[in-house]
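As structure tokens, here come the structures.
Look at the two complexes coming up: chain A is in both, with chain B in one and chain C in the other.
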Partner chain A sequence: MVVIGGGPAGLAAALRARDCGVKRIVVLERADTLGGILEQCIHTGFGLHYFGEELSGPEYAHRFIELLQKTDITVMTDTMVIGIDKNRVVTAVSPEHGLMKIEAKAVVLAMGCRERPRGALAIAGSRPAGIMTAGTAQKYVNLDGYMPGKKVVILGSGDIGLIMARRMTLEGAEVKMVCELMPFSGGLTRNIVQCLDDFNIPLRLSCTVIKTHGRERLEGVTVANVNERFEVVPGTEEFVECDTLLLSVGLIPENELTKELGIALDSVTGGPIVDEMRQTEFEGVFACGNVLQVHDLVDYVTLEAQLAGEGAANYILGNNQAEKVYVRPECGLGVRYLVPQKINIKNHRDVKLYFRVNAIYKNARVVLEVDGTVISNKRKVKLAPGEMEDVLLKAEVLAAMREDSRVLVRVDV
Partner chain B sequence: MDMSYDVAVIGAGVVGALVARELTKLNIRVALLEKRNDVAMGATKANSAIVHGGFDAKPGTLKAKLNVEGTALMPLVCNELNVPFGNNGSLVLGFDEEDMETLRSLLARAAENNVPGVRIIDREELLEMEPNIAKEAVGALVSATAGIVCPYELTIAAVENAVENGLSFIRNCEVQGIDFADSEFVLHTTLGDIRSQFVVNAAGAYAGDIARMIGDESVRIQPRLGEYYLLDRAVGLTVTHTVFQCPGKMGKGILVSPTVDGNLLIGPTALDMEEFDNVATTAEGLEKVKILATKSVPSVSAKNAITSFAGLRAHPLNDDFIIDYSPVNRRFIHAAGIESPGLSASPAIAKYVRSLLLGIAGDLQSRNDFDPVRRKPVRFRALNDKQREELIAQNRAYGRIVCRCEMITEGEIVDAIHAPAGARDVDGVKRRTRAGMGRCQGGFCGSKVVEILARELNVPLNEITKFGGGSDILYDKTK
Partner chain C sequence: MAKEMTCVSCPLGCLLTVVFEDGKALSVTGNSCKRGIAYAETEMTNPTRMLTTTVKVRGGVLPVLPVKSDKPVPKSRMFECMRVINAVVLDAPVHIGDVVIKDILGTGIDVIATNDMTSV
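Moving on, here comes the complex of A and B:
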């Protein structure tokens, strides 16, 4: 089994596959160290669900790295995968081993995601220094020990942006505001409270940056309000002096390799379409973590990766590979996407359906329906696009389903 | 420090670079002075990158003559310098009878300018050539010699090659004043005085300022902004030709063209400016590009843009290139007012300036040891597995991929830094290697490039800039 990516997803998938009896496993990681993005997340807030305690990113990762070191799983860092072919031959390069071809029975994709760049947003104005993604700033501050700015505007209220608002403030920078295009934040509520409210940093909703100023280093940005159609409301333009613009405008699953294999992607998640064991539409290729869907909490990444690890193990060992009959759960009102996108009803086990809502709902109900019958109906005080939700489809319900059964998840207001 | 040369070329755009290289073929000491931290930081950095056929310029002008000659020389120069040149041909679309009339007059101009390979085609042939073109097009003018080249790659390669042959390239050297005494110029620069027998003024938009330093008021330039979108390579090449619209109508017309790197470029606008160094894009301009490009190719969408940028044309008020001895002092040669098709003409401009120099300096000897070939840089991405394996075996740094979007290795970045006239900043690495030019626009590799630059140049991280000057990336250490 070849695991591509040594972040929390790759680590958990490898460990679970090992527990399930897979003998030869290799984890390929392009960075010098394992741990993925967690290595630069020195704040706490990891592991509350999985370990029941608050850990920092590196602490969370190290729990898994230590477990891994006790096994005979091969780890190759400083090693980048540059291709996979139709026979599941993985091509990787590293300074130490040169160019390698590894034949895999099963591949687990765990490449994480990348931040959406500014260029694609096409903000008008100059191209000075001082414009960077929030994650890049995080790396400069937390890993390199340098400040990338003193007066900061943050565009986008994704979690990394929120975390960096607090981090930069603690390091003595003045964070002027966080602008969010949508009428709601895409970040976790706890981050808005702990990273903005506690530091009196204004969060401006329905607001965006329309222009950058400055020849060499950024000297300011023009911000403006937008209407429901995201058009600038004339007269609301305002110049804000700053030397740094951090972009936290979304994450894109890193699926270049996936696309190379011709694997179908879900246009909403940006990740591959998978079944309940996280197998993609290419047999023997599994996906988990941020490469599959962008997660806010690493705990769920771990759980998802364990499924993928088990699925890959079953595939390699030939377990549960009997006839597969898939149903495809449908997104009802208020639901943007569902993962997994398909469920094998012959695989008799509980399946959690993960999803995100399309707007903020207060006191709404999450309804799961099978063939028109309500299976569960849970009241939620608050549903927000920034927080991933799930509903449980029990094994016994699955067992009673037919090929043409319909599964629907919706939000009732 | 005594710096004294036979010829000082001011400005390291494509014109200054090719002129300096051409003059380095003579047995003289040549310096190329550039005020920025790198070559190709002016108009040469941001333009349409088209090698025009030459049917556009008014017959009898220097523009017309040097465009046609330059376009003929371009494939040869690119070959010597190992710079990709794409002979993709260009099309000017006609949408109605009035347009077709314009195309016919362009065809007549092509004949007058001696441009080979130009003809008019009908709708059927057009759609066969380019199936994605707007169905409304009724015909087109084809120019077979037209092509595409990466302007900064050409400039970088030319300077690299010239430096290997003895050119002195001096960066961060702004010429601020010029005196002439004892048949010698003294250039007062930010790095001290530089003496030279002859001067070539290739300062682009600033050529008028340089001319005024010797009391020459003849060079008058109007800066004119052009804005673009560059689309993701994943979009593919919807068209293979460079597709123009008829000049005149709808302003200057927006083009849709492939680049040598396989992206689509759409633009430019044309907006007269007051400032000479303001290359900020405007919301209005970008909107115009977005809308007008779809007139030629309906499926191009700015949604797939990976970046937008703008460049400044140095429009000469007399409407022609100013390549001549200064009326004030014949030892001072202008290569000024080089707006489009300046890139196309640049190889011919270089030869023309050389002949002007010989005209005033007398018979200068050509060197017989000039090596016109610039070694091809390593491009890991373009190699097959076996070649990659061999390369990594030679040097491990080629086994570490730094920019994953464009698959650029650490080895290539180190090469770019240590090349003659090599990269000193993040944008310089980007232009030489493409690290940071892909769909994530350096989001992933930017900080690694900063680290590699700091290590190779042996300076702290916070001394590395984005593009020299005050474009600092990092401030102080954290608490």
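Moving on, here comes the complex of A and C:
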């Protein structure tokens, strides 16, 4: 089994596959250390569900790295996967071993995601130094010990941007504001409270950066309000002096390798379409973590990766590979996407359906319906697009389903 | 009187409703676990937060090491703590869990390493 990516997803998938009896497992990681993005997420807030403790990113990763080191799972760092072919031959390069080809029975994709760069945005102005993604700034500050600026504006209220607002404030920078195009934040509420409110950093909703100023180094930005159609409201333009603009405008699953294999991607999640064991539409290829859907909680990444690890193990060992009958759960009112996109009703086990809503709802209900019958109906004080939700489809409900059964998840207001 | 606040003790971020009198919480609702009640109570009297930052390292594979306070720090003393932490320089190697600063500012709170740092 080959695992591509040594972040929390790859680590958990490898460990679970080992527990399920897979003998030869190799984890390929392009960075020089394991842990993935967690190595630079030095704030706490990881592991409360999984470990019942609040850990920092490196501490969370460390727990899994330690477990891995106790096994004979092969780890190759500084190793970048550059291709997978139709026979599941994985091609990778490393300074130490050069070009390698590994024949895999099963492949687990765990490449994580990357940040949407500035090019994806339409902002006027030249390209002075001082404009970077929030994740790049996070790496500079937390791994390289280098502060990229003193007066900061953040565009986008994703979690990385919010975390960096606090981080740079603590290190003495002045964070002038966080501008968010949408009328709501894409980040966790707790991060708005403890990263912005705690330091009196204003969050400007329905607001964006329309121009950057400065030639060599950023000298300021023009911000403006937008209406419901995201058009600039004339007269609201305002110059804000700053030497740094951080972009936190979304994450994109890193699916170049997946696409090369011709695996179908979900147009909403940007990740591959998978079944309840996280198998993609290419047999023997599984996906988990941020490459599948952008997660806000690493605990869920771990759980998802364990499913993928078990799925890959079953595939390799020939367990549960009998006839598969798939139903495709549907997104009802208020639901943007569902993962997994398909469920094998012959696999009698509890299936959690993960989803995100399309707007903020207060005092709403999450309803799960099978063939028109309400299976569960849970009240939620608050639902927000920035927070992943889940509903449980129990094994006994699944067992009673037919191939033409309809599963629907919707929000009732 | 009643007040709404978001519990920041974990990423679930429950929306709490706190009924209070004279700055003391009388009842808390909306929490999904016990920690929410404790959070509301301290938030009404002495708000605290976990402090995470980095410390300079000499002779390590990286120039800085991540650290955290082993207990939440009073919000009002965050920047004072930062000044103390930023004045420290450690020598590699350092191990995850090592105490980097003991009893910072006499608060009874230790600052501990949250990653390993091997030496070059």
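The rule is simple: the second predicted complex is superposed on the first by the 413 of 413 C-alpha atoms of A that agree within 3 Å, B and C clash if a C-alpha of one lies under 4 Å from a C-alpha of the other, contacts with A are read in each partner's own complex, and residues count from 1 in each chain.
The working rule: a contact is a pair of C-beta atoms (placed from the backbone, for glycine too) under 8 Å apart; a residue touches a chain by one contact, two chains touch by 3 or more.
Every value quoted in this text rests on a predicted model; they were computed, and no experiment measured them.
By the touch criterion defined above, A:304 lies against neither chain B nor chain C after alignment on the C-alpha atoms of chain A. Legend: residue contacts after superposition of the two complexes on their common chain; A:98 is shown touching chain B, with no touch to chain C. Look at A:29: by the touch rule set out above, it reaches neither chain B nor chain C. Once the two complexes are laid over each other on the shared chain, residue contacts for A:140 go to chain B alone; chain C is not touched.
A count of residues in chain A touched by chain B and by chain C gives the higher number to B. Looking at the shared chain after the overlay, A:275 reaches neither chain B nor chain C. In the overlay built on the shared chain, the residue A:128 is in contact with chain B alone; chain C does not reach it. Common to the chain B and chain C interfaces on chain A are residues 141, 144-145, 171.
Contact residues of chain A toward chain C in the complex are 39, 42-45, 48-49, 54-56, 58-59, 62, 141-145, 167, 170-171, 188-190, 192-194, 198, 296-297, 381-382, 387. The part of chain C that touches chain A in the complex is made up of residues 5-15, 30, 49-54, 56, 62-64, 66, 68, 75, 78-79, 82, 86, 96, 114-116.
Considering their complex, residues 229-230, 277-283, 285-286, 302, 305-309, 385, 388-389, 392-393, 396-397, 399-401, 404, 407, 439-444, 446-447, 451, 461-462, 465-467, 469-479 of chain B touch chain A.
By the touch criterion given at the top, residues 30, 78, 80, 82, 91, 93-99, 101, 114-115, 117-120, 122, 124-130, 132-133, 135-136, 139-141, 144-150, 171-172, 210-213, 215-217, 256 of chain A touch chain B in their complex.
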